[in-house]
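Please go over the structures that come below.
Two complexes are shown next, each including subunit A; its partner changes from subunit B in the first to subunit C in the second.
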Partner chain A sequence: MTNDLIVQKWLNSIPEAKGILKNIQESGKQCVPKIGFPTHKEEDWKLTNLKRLSNILELNINTNKETNHQIDINNLPNPGKDYFRILLKDNGNPQDKIKFPKGIEPLTDSEIEKSIGQTLEECQCHKTWPIAINNSSINQILAFKVNENNLPGIEIIIPANSKDFNSKRILIHLEDNAELNLLEVILGSESSAQSHIIEIVMGKNSKLNHGLISLGGNKKSNLLSHIATQQKENSEYSFTFIQEGWNLSRLEPRVVQTSGNAKTNLKGLQICNNNDQIATHSFVKFNGPNGELDQLQKAIANDQSHSIFNGVIEVPQIAQQTKAAQLSRNLILSKRAQIDTKPQLEIIADDVRCSHGATISQLQEEEIFYLRSRGINNESANALLLKGFCQEILKNLPCNSTYWTANFNDLIKGSE
Partner chain B sequence: MSNANTVDQIVSKPYKYGFTTDIETEKIDKGINEDIVRLISLKKKEPEFLLNFRLRAYSQWLKMKEPDWAELKYPKIDYQDIIYYAAPKQNQKKASLEEVDPKLLETFDKLGIPLSEQKRIANVAVDAVFDSVSIATTYKEKLAESGVIFCSISEAVSLYPELIKRYLGSVVPITDNFFAALNSAVFSDGSFVFIPKGVKCPMDLSSYFRINSGDTGQFERTLIIAEERASVSYLEGCTAPMFDTNTLHAAVVELIALDDATIKYSTVQNWYSGNEKGVGGIYNFVTKRGECRGKRSKISWSQVETGSAITWKYPSCILKGNGSVGEFYSIALTNNFQKADTGTKMIHVGSNSRSKIVSKGISAGNSNNSYRGLVQIGPQAENARNYSQCDSMLIGDKASANTYPYIKSNQPNSNIEHEASTCRISEDQLFYLQSRGIDFEEAVSMLVSGFCSDVFNELPLEFASEADKLLALKLEGSVG
Partner chain C sequence: MTKIDSTTLLEIKDLVASVEDQQILNGVNLKIKAGEIHAIMGRNGCGKSTLSKVIAGHPAYKVISGNVLFKNQNLLELEAEERARIGIFLGFQYPIEIPGVSNLEFLRVATNSRRKEIGETELDTFEFEDLVRAKLDLVQMKPTFLERSVNEGFSGGEKKRNEILQMALLNPSVAILDETDSGLDIDALRIVASGVKKLSTKSTATILITHYQRLLNEITPDYVHIMSDGKIMQTGGPELAIELEKEGYDWLNKYEEIKGDKS
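Presenting the complex of A and B:
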């Protein structure tokens, strides 16, 4: 079957959405064939395993049979009193059932209708294939606004059902001066796919510490995710994201500073084992002066895995005095692993300080030697160095994330 | 800064090499088809294998699509509106320089090319290509003493067909890309260099390319072969007169280095870049590639790209031999509406191969300057190392500088480092220099040449000073 046929069949099999999602679904369904299935001729998809991508479309869509989650979702650890947990597992409108803490209010239908897709458009990705796929299949939307600071953190857990295509949308509006800690946990399950899009609008002086842990669970699970954020003046956005254990994972953090003068921190970590293909495509644009970006992207590639990083930074003429630094550090631990990294700077403003760097190597022999000379065996020395490599990213996650990252030490194998 | 006037004055400085030489030329009809390809081959009295090579390339070209991924946004080129062959009229290749049309010699004199005998002291052998045909090659005898072959490629075809047959198209095959296929079908002339085993070429070799007619495309082909333990340094210079039409220049350069051989290839490219409104200028779409076939062989590219309306080229190294070395040093300067999309590819195949990339981009005016490069470490390239550095300098707030480094690794026992930065000439630096009594313009050119010094150090001596002056001339006053 050609990809076009697969897509058509997939579109026909989507269960019909209700309420406000109906219009979005309709426009998404029209968009999908117009954009067409990605090909290797497109720069953005050149390295993607398209076979795996088309396999996603063979899955059932949002059947919501509660079977075989990767973890026991009814028995999650207590998030603690500082965190408010939202479990996105059922169909239907989750907002009806959630009683948000004070300072956080659900968005009304008309607010959702007005703002959905708007941040994606601002971030120049509203006409891409993963967005169209999400639009045409979403059956659940979580949307809230944050008015205050000093609130409990929000923890959103998004499990997948096995053999299921699971598509979700989250909208978050931070009003002026609001502050929030947000941790998202996206879980894979046996032969599943997650289509996850979050749109964040940050008001003036607002602050968001956003963590995203995506664990595929090494079970042929797939993830397509966009994290689109628009930042007003003096806002500060810190986004830390982990990708691990996915058959195919494509995470696209996209940030636009709508009038500059804001701070953005992006910290990403990919842990690639087996024959995972894990990709990060980031995009940061400064639409005003005095913006700041600090980006650090790390990857460990083991076995036959393939790690991809593509980091675009756009500094148009208006964005004078921008300071942007991007660093991509990669460890390749196996002869059959592959790493592709491509920083991409597009600069027009002249009074800016922008730099980027990239390294690919194995662990440094001198470092291993140093540890071994202190009586630590080879295996532990490797593990220790890898742990340190990851820790630089992990330490930026919101504080209640340790439960999810605790078993990382086992996942990170030493070099061969 | 209050130097807006100076900007206008200097930017409008005329292009020094923009004259045309009024000389009788022999042109064939516009357009390309199989008959034209056959006609070019016939005019050059080529053997059959070369005609077949051209015809294969032509049929390949017909099947290919013009690439557009670089988003250079130039108007569509009408390939039927180009003259593919133009030669200054002369009956035979002259035996000595005295017999060459004095007007031609005058042209090269104006360009400062040391063609005439009295300039022998310069100790550089020159092959000059005018429109499509090689005019004269100096120092042939002296080179022949040490066994070095340096001649036009047409001459090489008739004198050394075996070498041509063996090496032509072996680094850049006719199927490589759209412009390489076109070049393979219609290439007119170019230089051929062959350095036999163990010979260190006694002097620098140089070729000089000039486009004279406005409607002629220039498609030259350069082939350099260095056998075991041989070494050579080769320089290339380019200019063209001013026309308000765009002229296509699609050259192919192939370098082959066998065991322990070294080839250094330097380019100072100053094709006409169009006027300040972006009208006219050369499209410089060139395929340059070197193959380090032998163990411990080395290929080094250095380039100073200041001209052309659009420069689109990636001089590359395929590091096949174990322990081979590839280097790329580049300065790309764009002003007004120029566009440059240049960089390199370092393909590591052999073990212990090393590569180094130093690229300096300077963009002023409304220009667009991109570095695009690939570093690829294959699964066999154990202990391969790469270091890349690409710095951009922006002058004025309408110019853009982009970097697209592609980095690919399949080998855990390898090291890749890449760094890049963007800056501008700061007012503090200018103020400091001006407070020491250095005038504004000189201060700017000092800072620019300091920014580029890493690359200047790699250029052959006489090129380095020429390039430095060229940059100063092109840039002076564009800071404001």
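Presenting the complex of A and C:
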């Protein structure tokens, strides 16, 4: 069957959305055939395993049958009083059933209608294939606004049902001066796909520490994720994200500083084992002066895995005095692993300080010898160095993430 | 019957070794006994650091011939980590920075490897913190050093003090300190030297690899060896280092010529 036929069959099988989501679904369904299935001729998709991408469309859509997850989501540790947990597993509007802490309230239908898709458009990704298929399959949205600081953090756990295409949509408004710690945990399940989109609008002087831990569980699970954020002046957005254990994972953090004068910190880590293909496509645009970006992207590629990083930074004429630094650091631990990393700075403004760099290396023999000369065996020395490599990213996650990253030592294999 | 000298800790016999197919050591002979402090001096590239790496078991250095015995055990059969566990310590000329790994965790893992070898119980995080804090005074380091990543952002002096802290925790039988004095100001040199002196006991031995007399002013060696072209050319007492400092290495060449003429 051709990809076009697969797409058409998939569109025909989508359960109908209800209420305010109907329009979004309709526009998505019209958009999917217009955009067409991605091909290797497109720069953004040229390295993607398209066979795996088309396989996603063979899955059932949002059947929501209860299945086993890699982690028993009904027996998670108590998040404590510092965090408010939301388990995003049912269809429908989850916020109808949630009693948010003071300072956080659900968005109304009219607020959702007005806002949904707007940040994606601002971030120049509203007409892309992953967005179109999420729009087409939409059947729920978690949408809330934050209007205070000093709040408990929000932990959103997003499990997948096995053999399902699971589409999830989140919309968050941080009002002026609001502050929030947000941790999203996206889990894979047997032969499943997660289509995840979060749109974040940050008001003036707001601050968001956003962590996203995506654990595929090595179960032929797949992830397509867009994290689109627009920042008003004097806001600070710190986004730390982990990708591990996915058959195919494509995570796209996209940030626009709508009038510059804001700060963005992006810290990403890919742990690629087995036959995984894990990709990060980031995009940061400064639509005003004095913006700052600090970006560090790391990857460990083992076995026959494939790591992809494509980091676009746009600094138009208006964005004078921008300070942007992007670094991609990669460890390749197997002869059969592949790493493709591409920093892409597009600078028009002439008075800016922008730097970028990329390194791909193995663990350094001198580092290993230093540890061994202190009595630490080769295997432990490798593990300690890899843990250190990851720690530079993990330490930026919101503080309640330890439960999810505790097993990382087991996930990180030593070199061959 | 040959009487085995039980006080000999390290014995190097006709050691020939290479790195990247280049032969650097051309027959080193050296005997180190318990309670002794030895200094090895020599020009850059004469093989001092190579000797230390070969003893510590760096995999890039290949032994072509010869022997290294530690307490009558063939050291060359052992991996680097096994040598460290039985009591060989190498203080690095350029200690390696390891971002993301806390100094405390690194020191604890290393200390427990050694403790396990010598039959002592391994320490948990709390027990280890007590032990390490007691040792910090030796090198005048603040407890905040422990929270930082291994050597990352440390000054030259801090890195070398961290090496001596490791030596204090690992309690080695033979410590080889490779240019521990390089990059140190006078105060840091005194701190490091005082730490080394306190750690040198009747049952241990120390090998100081250095270019300068100033370290030997702080720690008086029992023997001074001059290396040249991958061999130990001359051995003497502390006065040899003083003479070398005064005359420079050309004096050594003249000395060799005179010696050659006489023979």
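Rule of thumb we're sticking to: the second predicted complex is superposed on the first by the 416 of 416 C-alpha atoms of A that agree within 3 Å, B and C clash if a C-alpha of one lies under 4 Å from a C-alpha of the other, contacts with A are read in each partner's own complex, and residues count from 1 in each chain.
Keep in mind that, in the parts below, a contact is a pair of C-beta atoms (placed from the backbone, for glycine too) under 8 Å apart; a residue touches a chain by one contact, two chains touch by 3 or more.
All values derive from a computational prediction rather than experimental measurement.
Once the two complexes are overlaid through subunit A, subunit B and subunit C fit side by side, free of any clash as defined at the top of the document. Of the two partner chains, subunit C is the only one that A:S380 touches; subunit B does not reach it. By the touch criterion defined above, A:Y403 reaches neither subunit B nor subunit C. Ranked by how many residues of subunit A each touches, subunit B and subunit C are led by B.
In the superposition on chain A, A:K342 makes contact with subunit B only, while subunit C stays out of contact range. Of the two partner chains placed around the shared chain by superposition, subunit B is the only one that A:I332 touches, whereas subunit C remains out of contact.
In the superposed model, A:F369 lies in contact with subunit C only, and not with subunit B.
For the overlaid pair of complexes, the smallest distance between C-alpha atoms of subunit B and those of subunit C rounds to 13 Å.
Partner subunit B is touched in their complex by these residues of subunit A: 43, 317, 320, 330, 332-362, 415-416. Across the complex, subunit C is touched by residues 364-367, 369-378, 380-381, 384-385, 387-392, 395 of subunit A.
Every residue of subunit B that touches subunit A in the complex is listed here, in rising order: 69, 377, 379, 392, 394-424.
If you check the complex, the residues on subunit C that touch subunit A are 56-60, 79-81, 83-85, 89-90, 92, 95-96, 98-101, 105-106, 109-110, 113-114, 117, 149, 166, 170.
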